Amino acid sequence: MTEKNKIMLEVKNLSISFGGLRAVDEFSISIRKGQLYGLIGPNGAGKTTVFNLLTGVYKPNEGSVVLDGTEVTGKKTIEINHAGIARTFQNIRLFKELTVLDNVKAGLHNQFHYSTIEGILRLPRYFKVERAMDEKAMELLKVFDLDREAEYQAQNLPYGKQRKLEIARALATNPKLLLLDEPAAGMNPNETQELMDTIRFVRDNFDMTILLIEHDMKLVSGICEELTVLNFGRILAQGNTSDVLNNPQVITAYLGE
Amino acid sequence: GNSASQPAADNASSGDEAAADAAGDEAAGDDAAAEAPAADGAVIKIGGIGPVTGGAAVYGQAVKNAAELAAKEINEAGGINGALIEFQFQDDEHDAEKAVNAYNTLKDWGMQILMGTVTSNPCTAVVEKSQADNLFQLTPSGSAIKSIQYDNAFRVCFSDPNQGAASAQYIGEHSLATKVAVIYDSSDVYSSGIYEKFAAGAKEQGIEIVSAEAFTADSNTDFSVQLQKAKDAGAELVFLPIYYTEASLILKQADTMGFDPLFFGCDGLDGILAVENFDTALAEEVMLLTPFAADAEDEKTQSFVSAYEAAYGGTPNQFAADAYDAMYIIKAAGEKAGITADMSASDICEAMKTAMTEITVDGLTGEGMTWTADGEPSKAPKAVKIVDGAYKAM
Amino acid sequence: MVIKMKKSMNKNTKNNFITYGMVIIVFAIVQLLLATGHVSSLMGGLLVPLCTYVILAVSLNLTVGILGELSLGHAGFMCVGAFSSAFFSMVTKNTLPGGLRFFLALLIGAAAAGLFGILIGIPVLRLNGDYLAIVTLAFGEIIKNLVNVFFIGKDENGYHFSMKDAISLDMTVDGETIINGPQGITGTPNDSTFLIGVVLILITLVVVLNLIHSRDGRAIMAIRDNRIAAESIGINITKYKMMAFAISASLAGVAGVLYAHNLSTLTALPKNFGYNMSIMILVFVVLGGIGNIRGSIISAVVLTLLPELLRGLSDYRMLIYAVVLITMMLFNWSPKAIEWRERVLPKNLFGGKTKEV
Amino acid sequence: MVDVMSFVSYLLNGISLGSVYAIIALGYTMVYGIAKMLNFAHGDVIMVGGYIVFVFVSTLGLPPLLGIFVAMILCTVLGVTIERVAYRPLRMASSPLAVLITAIGVSYLLQNLALLIFGANTKSFTSVVAIPPLKLADGQLTISGETMVTILVGIIVMVCLTLFVNKTKAGQAMLAVSEDKGAAQLMGINVNGTIALTFAIGSALAAVAGVLLCSAYPSLTPYTGAMPGIKAFVAAVFGGIGSIPGAMIGGILLGVIEIFGKAYISSQMADAIVFGVLIVVLLVKPTGILGRNIQEKV
Amino acid sequence: MAMLEVKDLEVYYGMIQAIKGISFEVNEGEVIALIGANGAGKTTTLHTITGLLQAKSGSIVFEGKDITKTPGYKIVSMGMAHVPEGRRVFANLSVYENLKLGAYTRKDKAEIAESIENVYKRFGRLKERRDQIAGTLSGGEQQMLAMGRALMSKPKIILMDEPSMGLSPLYVNEIFDIIKEISESGTTVLLIEQNAKKALAIADRAYVLETGKIVLSGDADQLMNDESIKKAYLGE
């Protein structure tokens, strides 16, 4: 297997039920390194639930998740993050009262180290590492055109920028796989266009594998290479973007017209 | 020592007059109660400390009122060696730290003598400071041993061990019971202090303590368990080294459950008959060892009680009596020592220290009270029994 | 860009130094007044308690403002620090020199309280919101209750311990009761001084302020703002919650040491170590602005002085105090008042801006 | 035999004590559930209720029922006024702790007002319950009239409150307000009015609780409400705060645990035992016995 | 006379001015679109109309009555409904209870059940989930609930804040059909949308908001063909 064809995420038969409702049923997916992959489907199909299963928010009833050769099924959220999955949330979850910069630096938490004592006593390493963190964080903010707002409180950013900041923060954890839940929700077409460019940029420059959920078809067809369509928790279609979008079942269940 | 005077008796007659006009302008219990400086401005500044807010306010308020009453009477009778008393009382919320703050406030005001503090624990903290300042301190009711551990400090009431031992002795000698239960407040210095010595004394008297159950300030409404245990253990007498607020509840609950032993208490129980609206039938036959009973027939007590009632509306309890005595004791010792208004606190203290061991005072809380250099009073405890809703000396 | 970041880092450093400076200047002024005899006995006596409450307020702010959890049991940690250190000082009263003894007492108080912080934190930090608050309240009350039934004595046969009463210690006649249940510990050496108090405030400030602006502090505040997101970026929730809680507890322990060595009598009453005290500390924190360390200092000082300054009002003192407290809260927190203040007053007096450190 | 007897008697005593906690907890949980605030002054409104009845019944000689009625009205006025003056301005404050602290201020205020008006002296309260105690097993066990009335009133209040919240429009409004005040307003609900109504009901209940508390434990001081207030808060959490039947169950359980702890473990450590059990319960069931476990959707 | 008339409205968040004197009107039966970039002040405008925020100056007149200072809950009973940004469903109540609360201001008790059935008919998913706790619904499901709940009050005018956000393409179309339907049944609509194209397609008139000011207004068809609009909001 060449580096390019390496499988980054291998999910097999993932299932979960809430009470009687089988929200995700036998979900399987295989994503190659560096791919931009889309997860779509009608409202309530189970897309966000898949993200929650992948990131350990819910424990699956069945199935397995393998990230870059490592089994992460049923692990805790933070272990999964350490293993290399980072995400954004459908309903934005920023550290509202921290500055934009500190949001990203919190993301860098596990990339940079000094001890509590060094922090409290402000030993030289504190300054050295903090400076390195600042530089790295600003670099990331620049990618998302957020560098001018570095000192703003996150909650004072307009909606669209908050979404971008969430992506920046997730990226800061240096993941192998990035999960984006409706990144373009609440953005107008121009902003969406910009976002598409940014996502591509991230994939290319950070060598990232990205799985995203989106309802904006322009974004999906514009940047996703492959798609999986969920319907009632089950996979309705899977394959390359144009095939899937032309699949009559997908059109009836999801796209309409 | 020889008797300096008979302060309380001397003033008993003038007490009525004091009460008459006190009722007019002092009903609010204003701080300035005794502020009647002499023409030449020579006053002896006496400070008082105790809780007038917070859970222990009832004790501090009684002391404050009675002390103000006494100060007024003393001033009307010409003061101490011709110098009038200026009395100021500060709140300590029954907290050691606040008591020290109160003490310092009084010092800033120019206090020369301290009548306080009311409760034991703050008193122990304050005595540390008064000793350092060599300031004469007489506590009306701080009963812990350490509350007067230095030579500048004296007290009016009995010490806790004294009360505990005396109670055991009394019960033993009068063969009141052989099986005794104790209900005490384990979160209170006074109560647990008495209990400890009572237990030791009981052993000597051959009294068996069949159950000793505690309660705390945080669970002091329901006493059914403590009573049930006493009942199950076959106690003939229940010893209550506690304050009357809880005791009134205990009596009611014992009555409800049909448990009717002898109840025996200490000075903290005094005041129970004065609880507004209390069904005194419940307290029938309760015995207590106390130096003071508001219903006592003697003239001194009678005139004090009526003056107090007129001024503050409410029957004085034993704390009030202690405080009233304390002011007269200060007067007696002051006169003996020949203190004057222009003396420094430290000089006054030196003079008073000696004088205290030389005076004999007849007060509300004891006839012929004398003091030893360690600050403890010597007086006979009175055992009283509640009969027909009134205290009856035994 | 780097320049701008440096500026921001300098800004918080500068802010910290303003806080330290404020404390040092006040200290210097008080020393000057003391030297020239301009300090009343009342104020003189209040200096150490003020330091105690400032440390308590700052340390609780770490839990409430930075960790974002409501704790109603802070006085419990203070109690642990006070009793453990006072016990140590009593035992070593005649064997160790004063300075060393007090230094060791401080370490012991801080360590004991910190240990309790961890022990209590394990179950407590699994809960959220008001449930966490009530459990901390419960722990505080348990500590107070247990201290009241603790009896330790010493005689020639060594140490005796009981949880019932002093009689059960079964000591020989010349035995000395060191911890005597509700009567607590009497005779603790008066080692606390204003200087020591101020030094401890500064240490507390350094610990808290530097922690906040470090990697760990950021993690703690991230957890406060959004636990789920913090988990998703790999922050260990338990570890950091525990860290904040334990540091906060051990600083409260330090305050307890200061408290215990200021008065010669130490008892665990509802007034000084019960939930009333915990709530009082919380009042300092909230009035000063949640998360605002400087505000905590100021409001601890103001609210400790206030009842003393109101002594002249005698019977109305606590009533007025309550009214003033309510009014200050309304003035400081009600959105309408804040808006009015922003318009009318050039700059906030204190505590106006919250969650700013 | 004696053991069984005393066990039963402890149980009955526990229920008596618990019934008083329960009735206070009902008001507590009501206000907490709807207004989402810990009203630390609730215990003191109870104390005020006690004094009002004391003045009207014990001193002025009004019939007890009329006295209770007057107390309910006056406490309602008091509760609504407190809410209007001290709590409402802080409803939109940036931290919910602000109003908690103000509640503490109100608590101090009420205590010190009572202290000024009535003095610190304990007042003995004449029980408003004229029912004689029920004697069982040859008089070895007794259930006081106060206990029977308290439990009965508690159950009636519990049922009425539950019906009120679930069946009436005002109850529905309360539920909505407790969830999201802004959204509730968008439904056409008068948020301020609903919260004022909650305080009115809570305070009227406090008056009833005050009368029953003082009847069962007839000593009244300005601080009478403080500790039962805290205990009732604990009881409410025990049962699952916000849950009306939970408050009832929590209160009674708390009373029983307190009595059993005293009886069988140590009377000195009764408080530690009660709080210890609370902690264990919350660790096993973090939202209390009947509390709904609400999971945040990610 | 216009049904809703906003005049010289100014709104502040503390010291920050979010709305800088805007005026517009909505006539009975119209569908009016309010478009603009992130942070332009659209949400703020709606919040001020329904009384969630207080205006600093200016006036809002609804059916001839000045409601600038009227408490929000009274405005609702006058016949105005609001589908708020972020859905704001009652997270711990069931779908059914949420819908019932939507009818809080209605007096005609008997017909409420019928209205609920109507909502279920429109949003089949809600019927399936009638007893599910609203907080656990998926994002799109919650959006449907918010819409259904607003309809429950049988409003004369309904204000919608990005109703299509988070909905799947099929549902987006459906939502716009529903809006049309609502409008046809006589309800006036004030609509905020990021999806400006679809919004303009069903709107009669539109206003364009930029940093707190109205910069453009006119007939929807006309705006749809405006070059600057095309560039800024239609992504063409």
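In this document, chain identifiers A, B, C, D and E correspond to the written order of the chains, with residue numbering beginning at 1 in each.
Everything below uses one rule, namely that contacts are C-beta pairs under 8 Å (C-beta built on N, C-alpha and C of every residue); 3 or more make two chains touch, one makes a residue touch a chain.
Source: prediction; values computed, not measured.
Participant: Show which chains lie in contact with chain A and also with chain B.
Facilitator: Common contact partners of chain A and chain B, which must touch each of the two, are C, D.
Participant: By mean C-alpha position, what chain is farthest away from chain E?
Facilitator: B
Participant: Average the CA atoms of each chain to get its centre, and name the chain whose centre is farthest from that of chain A.
Facilitator: So the chain farthest away from chain A turns out to be B.
Participant: Pick out whichever of the two, B-C or C-E, is joined by more C-beta pairs in contact.
Facilitator: B-C
Participant: What whole-number Å value describes the gap between the mean CA coordinates of chain A and chain D?
Facilitator: 48
Participant: What whole-Å value do you get for the distance between chain A and chain C if each is reduced to the mean of its CA atoms?
Facilitator: Comparing mean C-alpha positions, chain C is 42 Å from chain A.
Participant: Taking the mean of the CA coordinates per chain, how far is chain B from chain E in Å?
Facilitator: About 74 Å separates the centre of chain B from that of chain E.
Participant: On chain B, where are the residues touching two or more other chains?
Facilitator: 52-55, 186, 216-218
Participant: Touching at least two other chains at once: which residues of chain A meet that condition?
Facilitator: If we look for residues of chain A contacting two or more partner chains, we find 48, 57, 89.
Participant: If I count partner chains per residue in chain C, which residues reach a count of at least 2?
Facilitator: 141, 145, 148-149, 228, 315, 318
Participant: Which chains are in touch, pair by pair?
Facilitator: Chains touch in the following pairs: A-C, A-D, A-E, B-C, B-D, C-D, C-E, D-E.
Participant: Which of the residues in chain B end up touching chain D in this complex?
Facilitator: Listed in rising order, the residues of chain B that touch chain D are 52-55, 57-58, 60-61, 186, 213-222, 224-226, 228-229, 232, 244-245, 248-249, 252, 256-258, 274-279, 314.
Participant: State the interface residues of chain A toward chain E in the complex, per the touch definition above.
Facilitator: Residue list for chain A touching chain E: 18, 40-45, 48, 90-91, 158-161, 182, 185-193, 215, 217-218, 253-257.
Participant: Looking at the complex, which residues from chain D come into contact with chain C?
Facilitator: 32, 38, 40, 86, 89-90, 92-95, 97-98, 100-102, 104-106, 108-109, 112-113, 115-116, 230, 233-234, 237, 241, 266, 268-269, 271-272, 275-276, 278-279, 282-283, 286-288, 296, 298
Participant: Which of the residues in chain C end up touching chain B in this complex?
Facilitator: 40-46, 49, 141, 145, 148-149, 165-167, 181-184, 186-187, 190, 259, 262-265, 267, 269-272, 274, 308, 311, 314-315, 317-318
Participant: Under the stated contact criterion, what part of chain C meets chain A in this complex?
Facilitator: The contact residues of chain C facing chain A are 1-2, 4-5, 8-9, 206-207, 210-211, 214-219, 221-222, 224-226, 228-237, 243, 355.
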